[in-house]
Amino acid sequence: MGEVARLSFSLEQPLLERLEALRREAGYANRSEFLRDLIRARLVDRAWELNQEAVGTITLVYDHHARGLNARLTALQHDHHHVILATTHVHLDHHHCVEVILLRGRAAHIRAIADGLRRHKGVLHGELSMSSTGKELG
Amino acid sequence: MGEVARLSFSLEQPLLERLEALRREAGYANRSEFLRDLIRARLVDRAWELNQEAVGTITLVYDHHARGLNARLTALQHDHHHVILATTHVHLDHHHCVEVILLRGRAAHIRAIADGLRRHKGVLHGELSMSSTGKELG
Amino acid sequence: MGEVARLSFSLEQPLLERLEALRREAGYANRSEFLRDLIRARLVDRAWELNQEAVGTITLVYDHHARGLNARLTALQHDHHHVILATTHVHLDHHHCVEVILLRGRAAHIRAIADGLRRHKGVLHGELSMSSTGKELG
Amino acid sequence: MGEVARLSFSLEQPLLERLEALRREAGYANRSEFLRDLIRARLVDRAWELNQEAVGTITLVYDHHARGLNARLTALQHDHHHVILATTHVHLDHHHCVEVILLRGRAAHIRAIADGLRRHKGVLHGELSMSSTGKELG
């Protein structure tokens, strides 16, 4: 954890009680950890707004019977192999499969790859999840 | 402000520095206020998820030449007059106007009214902003 | 409405049925209008991403007993009077009030004003709703 | 693709031009596909709101030096093994790793698992991406 600081701040008594209710409901035993996670979530939002280095996950649902789709998705991934960390594929039923692509790179680059994958015919849904390399999270 | 509590929590030194950068960038002179606002934003999200009493703002952009639209929007607002606090109307150009409707009531009720307004032909855009009565914010 | 085009597109029969279910649930009698609204919502998102001219609504909940807050909020609004279309104020209870500020300007400018208002002590919640001047919505 | 329907709808000429600009910008060669994807994205949103069967991806960034964390995350995943389809793990640097967990189940169940993973000390960021089994997407 490295060097640890201690921070102290004031808040109205009713706001403290509501913070405690939020924390309990979210299942956090530790209030410091809950506050740190609030801060970290804001940091990740800003990293994506500022196009910093980030980690992203693209989830694609597609029909693997769509002609030529597999080849096109694979080619597109190869073009960007230097930012793709790993890919996981699961067969959902006779028609549908889901592919999860984990990437690390500039936020805008990850976004562009997600757009490039999503637009192919046969890709029924594509969703980008924005996360972090962990470096800026302490 | 009523009774004030003091809360203290630990965080890694680099996380503290990043929190400070966030705060400065958002223009907060006061760190306590920045932390309180992070907590309050989460409280408002939860109030809407739990269908508590809330304040909402509906922004409608519409073409006031659309036949019968004004009458229909007014009728719909009258049906819900007990939750509508105020309405403001601005003429944007020869065709378009914007109407802002401020409401107070159960979150789900406010949402239903927004849906009811948005779907009319001639309403080009309808957006709901979720806020709070202030009671749970300290 | 001006000149009207007619657009035709193919979709799988089950997707058509699900589109119909969505439309009925959202209370649209008219399928064309439902499709146009889907397109318009996407257009508004893009206008904000591209920092085009837009309409925005800022909803502020604040404690009007907070010392000096009213004066500061008023001063800040005067600094930006050329982009503020109208302001509506409602007293919620003895302590809290809500103010809705309707603006028209560049998306980034509206965002900056929202940030500037939100950070003041006594402002318990500030939310920006992104809408449109209607011009790009047909 | 099964049986294919053809749908036709009217829209104002300027709205059509703006739809075309959106489509080109998003890189879709095919307008039908762009419209179908707009509809499908809305369907996935509704499936999550209605707690239907869904596919979700949880991305966790964590410090694998955090004492006991690995064991706790593994235990939690085992408790829910019947909804977990696959897990992928990548080492980001000496301290941080990212784990992507692909799940299939009721939307609320997937959400609860994401909350359960996120709150552990050492988990720096947890994000849930909401997708679909593909069944309702045509």
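Chains: A, B, C and D, in written order; residue numbering restarts at 1 for each.
We adopt the following convention: a residue touches a chain if its C-beta (ideal position, glycine included) is under 8 Å from a C-beta of that chain, and two chains touch if they have at least 3 such contacts.
Nothing here was measured: the structure is a model prediction, and the numbers come from that model.
Q: At what distance in angstrom does the C-alpha mean of chain C lie from that of chain A?
A: Roughly 26 Å separates the two chain centres.
Q: When the centre of a chain is set as the mean of its C-alpha atoms, what distance in Å lies between chain A and chain D?
A: Here chain A and chain D have centroids separated by 9 Å.
Q: Using the touch definition from the top, which residues of chain C touch two or more other chains?
A: 1, 40, 137-138
Q: Looking only at which chains touch which, which shape fits best: line, ring, star, complete or other?
A: ring
Q: Please list, in label order, each pair of chains that touches.
A: Pairs satisfying the touch definition: A-B, A-D, B-C, C-D.
Q: Touching chain C in the complex: which residues of chain D?
A: Interface residues on the chain D side: 1-16, 18-19, 22, 25, 31-32, 35-36, 38-40, 42-43, 46, 136-138.
Q: Going by the contact rule at the top, pick out the chain A residues touching chain D in the complex.
A: Touch list, chain A to chain D: 1, 26-28, 30, 33-34, 37, 40-41, 44, 55, 57, 59, 61-63, 85-86, 88, 90, 92-93, 95-98, 100, 102, 104, 115-116, 118-119, 121, 124-125, 127-135, 137-138.
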